[in-house]
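Labels run A, B and C following the written order; every chain starts at residue 1.
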Amino acid sequence: MNASRWLSLGLRAYLVIFFVYLFLPLVIMAAATFNASRFPTVTPWTGTTLQWFSALWADGGMWDALFNSAVVAVGVLCLAVPIGVASALFLTTVEGRGKSFVYALILSPLLTPGVIIGISTLIFWRGWGLNGGIVLTVIAQSAFIAAYVMLMVTARLQRFDRTLERAALDLGASQWQMFRRVLLPYLRPAILSAAVLAFLQSLENYNTTLFVAGYDTTLTLYIASKVRTGLTPAVNALALIMILFTVAMAMVYEIKRRREARLAVARLAVTDESA
Amino acid sequence: MWRQLCDRFGMPLGMAVVALMGIWLILMVLLPQWQMIDYSLHPSLLPAEQGGEKDVWTLANYATFFQNEIHLSIFFKTIWSSVLVTALTLAVSYPLAYYLAKVARPGQAALCLLLLIIPFWINEILRTFAWYIIFAFRGPLNELLFALGLIDRPIRFLNGDIGVLVGMVYAYILFMVFPLYNAIESLDRNQIRAARDLGAGWIRTHRRIVIPHAKPGIATGCIMTFMLAAGSYAVPALLGAPGSRWFTQIIYNWFFEGGDWNQGAAYAFLLLALCIVFVTLVMRLFKVGLGDIAR
Amino acid sequence: MDGRVSLNQVAMHFGDFTAIQPTTLEIESGEFFSFLGPSGCGKTTLLNIISGFLSPSEGDVAIGDSDMTRVPVNRRPTAMIFQNLALFPLMSVYENIEFGLEVRGIDRRRRRQKADELLALVALEGSGHKPVGDLSGGQKQRIAIARALAVEPRVLLLDEPLSALDLKLRQHMRTELKAIQRKTGITFIYITHDQGEALTMSDRVAVMSAGRIEQVADPATLYRQPASDFVASFVGENNRFSGRVMKIDGDTVTLDASLTVPVAGRAIAGTDALTVGAPATLYVRPEQWRVGAADDTRLPLAGVIENEHFEGAWLTLDVALAQGPRVRVHVAQSTAQESPDLSLSAGMSCRLDYTPARAIVLPAEVGEEVGEEGAHVATTV
């Protein structure tokens, strides 16, 4: 066996270890759901049970927190997505002096620790009489989630063929009609995936929310408080549900991707023949 | 700028764009940060005293920090640990990113990327919690080591820094892998072949061809990871011992236990300044601009 | 429907750079008019000024009797076919064609009716529901034309729309475009750097160079009577001899072009700018040469064949004249076959002649001196 074979073998072994590292914690966490032990663990196994699902179901605080999280996430969607799209439009349209400053400003929330965004939002809005709660959480989360939306939309917008825009105007469309009928449909996939990302980011955010949530506990805050005080495997049951949901989404995505890839190949073949 | 926007989108849409960005950048980014700095330069006062003679500009809040040895040591420990987390994450991510970008077939790579993302769709708290279970005193890791005969009594992983390091690498690995992957992906495969062809060994090929090309990705990954690590609250709170606190925990305590927001603001600004210094330093070191980072 | 386009002293500056020199031009209603020139000559800028994407730095644009200078692009009675066609990729063929009507608020039924008519015009009936991604290059081309015609423009602007097609299809589309233009009677303004396209389709052609219109004429005039050195060299191939005027006899001008004999041609633009001793240039088209054997002394110019290319209908020879300059010669296949004893291969000597009445003489342009090399072949294909 020569060196490069060893190398590729090593790389493969590394990959296996890596993905074990990535998924083993999730598996263990999920497995602990079915352990009868009062404390979430897999060792020692004290008997298999489904009781923690009913414990989760009966947990009123969890449902309240979930409701708050959903409200916040929807709020973030309504605020961060338009802002992100607007910034993407701005960055791909405007050239000239001042642009790099605006660009740095737009990126800054991504490079600022989440706690700082939470703190500054809390301090600023207290001056206007707005205290911690759902509204402030939406504002604080949107401050940095909008930047993610901007990045995703900009990436697609940069590949947009601007002659399509000119064609629409040339055919008599107003700028608004051009935006509605040509640019927006083109951006739709990017906006949709940015919206999904924004929703998930909002749901899982902890650092920023910690400072601005006030008494409106979100799901993440609730889980964190559970983990620190009064931990039972009901939290694992919740984690398991989230994992299954995520894996299902990932599978749907993967199936869709494969189908689209096949479709693209088929379409290419058709075009070649009729050309 | 206004002209260009109106030419492309017309008045109403142009105004909407500017208004939305104005709300964001001014009301949600600039003014809050400014207010935080302003807070940090004032003493903590009762509402009745505000605007009174005690309401003066002062560096007292910063002086508190520099006079508190415990806080200073926690600050530097946070820096050091974050650098360590960043370096570890880079080392772990690089082979993977290289594999995904240049070795794997496109279908394989897409599947791997999807697998990578799955854990990151799950709550950071839950991901950390999973490690909490593994590292527990009577948890599976100790049981495993015991069964293998490597130890004769359980180790308290959650008492030192190991738990925090492992948990953080796990939590932020995606923010390193993706920039690296994007950067390496854009490298022409033939360059690697040419280097190999000219007799360069693997190490030299990486050092002279792949790594220089991936510099913007490395810089981005390091900046993101460091920022996330230094600003992390959940991981040290869950996996760290009470004795090994993180700087963010001190900040939190000023706000919600000490009740001194002005003092907390000063500490928060120090953290922000730290991140700005780190970002600037990395960008200088790697000679990359902001444009390279956002990709 | 008046599709007359008038440019009055239109000029365009980008900073210090002048893209269009002050230009006045009238394009007739229903005319197939082309702007021909190399890239960077300003033809696209001019098209953008007519369509309204750019507003000129100076001058006015009018279509019919109405001034268009301040009218925005979406309210002009023009439609454009873009170089990359710019079909909306996410829309079906119907949606593409109906787009211009839709934004004008025309109801669905009438839109569909119009779209079907246009699909019939471009011979693509029944493909309305296809996504545009499923069409071939030529089909896309026709949909782009249908889409532009749907808004019933008075002027159709075409920005090198055929450049992406392969040769066969390109030649076919030329005929088709011309036919559509005749059928619809709309003014076509066509931009191209391909003289073949401009000459075959156009009623008139404007040859542009460096932001200036050099000549506006019908294709035959452009070829036979180029008004400037640029046109003579750019349109078709030409052999160019610089020299000094020796003699002026009526409109026949004799030059000393440092060849073994004086050469003569017709001064097509009159002899006003020519005086004895003044620098001038003689142009001889490759197909105007008569070729004879090396010992045929009736032909005055001697040379050696350097290259020969077989091009089907004719033979292209590069002949180095005895005095140095190399000229390009086309020998019709029929001629070559009639004289089998004439050996026209590389390395052979031969003699050349031409008819002075079919060669032209232009006064040398300002700033131009008699070249050292005497003559060069201006080849643009």
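Operating definition for what follows: a residue touches a chain if its C-beta (ideal position, glycine included) is under 8 Å from a C-beta of that chain, and two chains touch if they have at least 3 such contacts.
Note that the structure is a prediction, hence the values are computed from the model and not measured.
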Point to revise | Innermost chain, taking as reference the mean of every protein Cα atom displayed | key: A
Revision key, fill the gap. Most remote chain w.r.t. Chain B, using mean C-alpha positions, is C
Practice item. Go ahead and note the Å separation of the Cα centroids belonging to chain A and chain C. Key: 56
Review point. Any idea how many Å lie between the Cα centroids of chain B and chain C?
Key: 61
Point to revise | Distance between chain centroids, defined by C-alpha means - chain A, chain B (Å) | key: 16
**Study point:** chain A residues counted as touching two or more neighbouring chains
**Key:** 174
Point to revise | chain A-touching residues of chain B, taken from the complex the two chains share | key: 1, 4-5, 8-10, 12-13, 16-18, 20-21, 23-25, 28-33, 35-36, 39, 92, 95-96, 99, 103, 110-112, 114-119, 121-127, 129-134, 136, 138-140, 142-143, 170, 173, 202, 223-224, 227-228, 230-234, 237-238, 248, 251-252, 255, 261, 264-265, 268, 271-272, 275, 279, 290-291, 293-295
Study note, to complete from the structure: Touching chain B in the complex, chain A uses residues 3-4, 7-8, 11, 14-15, 18-19, 21-26, 28-29, 32, 40-44, 82-83, 86-87, 89-90, 93-96, 98-100, 102-117, 119-125, 127, 139, 142-143, 146, 151, 154-155, 165, 174-176, 179, 200, 203-204, 206-207, 210-211, 219-220, 223-224, 227-228, 235, 238-239, 242-243, 246-247, 249-250, 253-254, 257
Check your understanding: How about chain A: which of its residues touch chain C in the complex?
Key -> 161, 163-164, 166-174, 177, 181-182, 185-186, 267, 270-271, 274-275
Revision key, fill the gap. In the complex, the residues of chain C that touch chain A are 51, 53, 73-75, 78-80, 82-84, 86-90, 99-100, 102-104, 133-139, 147-148, 150-151
